[in-house]
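Handing you a structure now.
All chains are identified by letter, namely A, B, C and D, in their written order; residue positions are counted from 1 within each chain.
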Amino acid sequence: MAHHNPDAPSHLKHYFHDVNQQYETSKFAMWAFILTEVLTFAGLFVAYIVYRSWYPNMFIDAHLLLDVNKGLMNTIVLITSSLTMALAIWAIQKNNKRLSVLMLAATFIFALVFLGIKYLEYSHKFEVGQLPGEFYSYMGPDAVHLNNPHIFFSIYFIMTGLHGLHVAIGMGLIAWLIYSTQKGNLTSEYYTPMEMIGIFWHLVDLIWIYLFPLFYLIG
Amino acid sequence: MLDRLTEFFFPKQVSTYASDIDSLYFFIFYSSVVLFFIVVFGMVYLSIKYRHRKGEELKLTSSKDHSNLLESMFFIIPLILVSITFVWGIRSYLKMVIVPDDAIEIKVTGQSWFWTFDYPDGGTTLNELVVPSNKPVKLVLSSKDVLHSFFIPVMRSKMDCLPNRYNIMWFDATKEGVYDIFCTEYCGTGHSQMGAKVIVMQPAQYEEWASELGSEDDDLPLDELGAKLYTKKACNTCHTLDGSALVGPSYLQTSQMWGQERVFDDGTSTVIDDNYIRSSILEPMTQIVAGYQGVMPTYQGLLSDRELDALIAFLKTLNEDSQI
Amino acid sequence: MSEHHITPLRTYLIIAASLLFLSGVTVWVSYIDLGSFNIVLAMFVATVKASLVAFFFMHLLWDDKKNLIMFLMSLMFFGIFVTITMLDTAFRGDLGLNPETKDPINKRAAFYDTLPLTDTHGHPVDEHSGKHDEDKDHH
Amino acid sequence: MSENMKQNYLNHPKGIMSWLLTLDHKRIGLMYLVSGILFFFLGGLLALVMRFELAAPGNDIISNEIYNNAYTLHGAIMIFLFIIPAIPGALGNILLPLMVGAKDVAFPRLNLASFYIYSFGALFALYTIINGGVDTGWTFYTPYSTQSSSNVVPMTLGIFIIGFSSILTGLNFIATVHKMRIPGLTWYKLPLFVWALYGTSLVQITATPVLAITMVLLMLERFLGIGIFDPALGGDPVLYQHFFWFYSHPAVYIMILPAFGIISEIIPVHSRKKIWGYKFIAYSTLSIAFIGFLVWGHHMFTSGQSVFSQIVFSFITYFVGIPTGVKIFSWILTMYKGQVSFTPPMFYALAFLFLFTIGGLTGIFLGAVALDIHLHDTYFVVAHFHYVMQGGTIVAFLGGLHHWWPKSFGVMYNQTIANIAALGVFIGFNGTFFPQFLLGLRGMPRRYATYDEQFVELHSYSTFWSGILGISIFIAVMNLFWSFIKRNKVDPGSNPWGGMTLEWTHTSSPPHPHNFEEEPVLQHGPYDYDKVIVQKTYKK
């Protein structure tokens, strides 16, 4: 069997017929992966919804302990990073390597800013003892009447923590993209990895779009 | 015939709804037997009839691969059967959850690994549920530690005991007698020993029993009371009298070591005396004997001072007995 | 791969601007007390934002429809998970049967009883109300 | 060309590294097979230890603690390390690309990664065993699992990791089925095993993430006391059960659907007959996979969930039963006017029909709420799910191994021994588990290390036959591997059963390293025994 069509591009794996089949397969699998991601978060959303329905007042009052401004800032940062990610793909489609790298770098920096703000938020929570589970110790005047606020903070930390972990993983992937694009491995002919990581990055944004109102706005 | 079969398959029917559940069982059982024989017969008949005989040429076989009539039958007949099963199942189930208003309420608490029963007029029993016959009894179940499940096979009823929440079950016992209770939700090392008995009495007898509850033991000598408490308070689930180690150390061993040092898993030790026994019953988790797991529940509030003394007296006698 | 759809730059910018605008709207609305309608509104805005991201940034609008089906499937299974779990959690002690089973026995976890009162910085309050707890600590 | 014929995936390329770093789906499948079988034996050994302990009441052989560890590990190993990865990982990996005419799965690297993730997770499970076991039951119900001092964390971590392997395999198979089929191989021309694997994969990628997050929450409950599942901290143990069964009920279909697929292959081939109701079987695979997500609450009929959800779950549960029932009838009717050969795979398929029908019908008993309350957590349930899991899945798996053994490895086992072993499995299985239905009806609770005198007779029957069952399975598997060791080779062109799917008609046994010498061209459907005569060719 002919291993390779001599004029097939180097990124075409031998078990695919053509570039388009390979691209479509990757993308389809990426969406299947997105499905698993959504269902991973689904478990936590279910926990949120169930406990919110059991402790409606506690959730509403406990959310006042979170910092809306930092949450909103993070929302803006993440949406902007989504835009720069989309523009990076747009640039590589137009074969503009320089702009693409620039946009990826911007995305990376925005992600870093996001984690920085998250760090500030977390460290404040650690200081005052608004911690998950048994480590919860905050009994300030605005919280003393709350019934089991540790559950709210458990869910808050687990959900935003898992989301933050995704941001961190995304940063690693974007760093690798910057390197590959700079090296010229990704071009308008072949940019599948960037497209895939883009989808991942937008998912991270998409989940935050729900986390933000659920925790910061309506408790 | 049906009675004989019921006896073969099931334990006695003691609750009012037991016969209903058994009938549901037999309805499904007979339908299943019929369906099962159709399947097995079809399988055996077709495979033998159309077997590939020795020396027979391989040939093109029939292209028949569907039959609307047969297929709709396969849908409709099971659908009818499961519909009946579903409705019957739900109707019987509702009988099991709707508690009659005049039911006696008894609190059942599961704890690793024994059952406590609190009666409406005060008084508590361990591992012995006493109920009157022909009167509905409502059980309010909960647990002190992990999940347990309260199962009375003769009543055909079972319910999980959850920590920090109540669950309800009820029954109306129709026959006097002593029947088994099992724990059916896995709860750790002693799970298979977490049995109890339900004693169904004539209502008059029950009234008498209930009024005497708690007072009967007052005149017993301490060591005899202790011997009684040893089984009644479920000590025997974890501690043997013959020196063999179960979940906890044997009473005999403790008795033989009276006055000697006992070593704990954190390296400390103490002399075995009345005070040690007392605190190890009331606060078992503070000093765990080396080589054992700290799993004993506290008996704080479950034993009076006199009962504690009785257990200690009983424990002391074991050593003497064994030497005789 | 020139046959791939390339979204015009303008679309991206418009979408990003709408996302930022909607974020502002949802924060602003949350300060108005609309009762339980707050949740509905916030979730509605979030869903609009999420759709914009999914259809435009994630290219679902132009992609093979199989990808969209995959995505919708994830939402459907999430819906199943929530709905069926809620059939239990929201209906305990329902049908007027056995109301005892509805709520936990102890509403509040036991460890709160030992927590000292704090100020808004999380430091234990010494005098007055906190005194009782102080004693406990030194015991 | 003849040089080329001798080259197959087993002997080319050579060297240990070429195996450890292989991207070839067939080699990965073989590695899955070997590790799966090893865990199968380990789990089986634990089962025998338990059975012998239960031969008589009282702690005769092992203590309560060891018994509790044994049954937990038996369950966890059999489910997470053997049944779930075995059929998709081994048979699925070897056959799926061959059946769709592809050169490999869509993502060979991911496939290898999946195997190593599985192995890594398995290491945690082995560590758990060495470190003293875990005693919570494979269900890890809270709050026992948050309090138990045994190795809950390593075991749940192992399961968490294995979950990723399961997801990656599922992703890979879905992409392969969608995108890697040869031209002309439309959905309705796919072999039903491919449909089954497709349905399984959908369940895998949908349900497994929830297991992963549940295991994470359980670990966090232990580390931080997050109070979501622990009632002492305001949590709800019943909610844990919802989370757990949202995965674990669909997982039942991850385990049984591939078995359906294998049976749908074996019966038409060995009956030389077009399969009855192709489209029905294909669609019912998907509908069972879907309905499987709606019925998890029937594991919780005594947990104290709301009355409303009891009724809803009981209702939906029956909807799984009906398509399954029609499937059984379709398999039986497939034999109508065929030419049935009694080969070892066919014996396994017939045993499957017998055993799985019992397993399925006893499920109807358990779906009726009122009756389930009596039967819940008794040996009736134990017997029921062993009839489904072992009588169904494992018997089908053994049948599948016997069916594709000459194809996958180019060797033929001793068919007489295989038939005898199949009979032994069938009889031993019924002898072991049928008495357990009675035990359960009479009130014997499960997970008991010791029991009441009244149950001794049935328990000792069960134990006696479990020995026969164990020996038969051992002989069946050893008979297969012996043919491999003895190199009892078949001619590369062999098609001993007269199969019609691409793996039989278009590639050698064992297959070429790149599956097909040249891209196969589809000539007929998978079961067109009414249109084409495929000769049975079996030469040494």
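In the analysis below, contacts are C-beta pairs under 8 Å (C-beta built on N, C-alpha and C of every residue); 3 or more make two chains touch, one makes a residue touch a chain.
Bear in mind that the values here come from a model prediction, so they are computed numbers and not experimental data.
Between the interfaces A-D and B-D, more contacting C-beta pairs are found at B-D. Centres computed as Cα averages put chain C at a distance of 37 Å from chain D. Once the centre of each chain is set as its mean CA position, chain B and chain D turn out to be 33 Å apart. Taking each chain's centre as the mean of its C-alpha atoms, chain A lies 16 Å from chain C. For chain B, residues touching at least two other chains, in rising order: 97, 164-165, 167.
Residue numbers of chain A whose C-beta contacts span two or more other chains: 24, 28, 32, 35, 39, 42-43, 46, 50, 134, 148, 150. Contacts with at least two other chains are made by residues 66, 73-74, 77, 81, 85, 89-90, 97, 101, 104, 108-109, 111 of chain C. Taken as a contact graph, with one node per protein chain and an edge wherever two chains touch, the assembly fits none of the named shapes, being neither a line, a ring, a star nor a complete graph.
Chain pairs that touch one another: A-C, A-D, B-C, B-D, C-D. Of all the residues in chain A, the ones that touch chain D in their complex are 1, 14-15, 21, 24-25, 28-29, 32-33, 35-37, 39-44, 46-47, 50-51, 132-135, 148, 150-151, 154-155, 158.
The residues of chain C lying in touch with chain D in their complex are 66, 73-74, 77, 80-81, 84-85, 87-95, 97, 101, 104, 108-111. Across the interface of their complex, chain D is touched by residues 9-11, 17, 20-21, 24-25, 28-29, 32, 35-36, 39-40, 42-43, 46-48, 50-52, 56, 58-67, 70-71, 74-75, 78-79, 82-83, 85-86, 88-93, 95-97, 145-147, 149, 151, 153-154, 156-160, 162-165, 167, 180, 182-193, 195, 247, 293 of chain B. Residues 64-65, 68, 135-137, 141, 143-144, 147-149, 231-232, 236-238, 271-278, 280, 302-304, 307, 310-311, 314-315, 318, 321-322, 325-326, 328-329, 332-342, 346, 350, 353-354, 357-358, 361-362, 364-365, 367-374, 376-378, 438, 441-443, 445-452, 498, 529-533, 535-536 of chain D are the ones that touch chain B when the two sit in their complex.
Interface of chain D with chain C (complex): residues 178, 206, 210, 227, 231-234, 236, 238-239, 242, 246, 293-294, 296-297, 304-309, 312.
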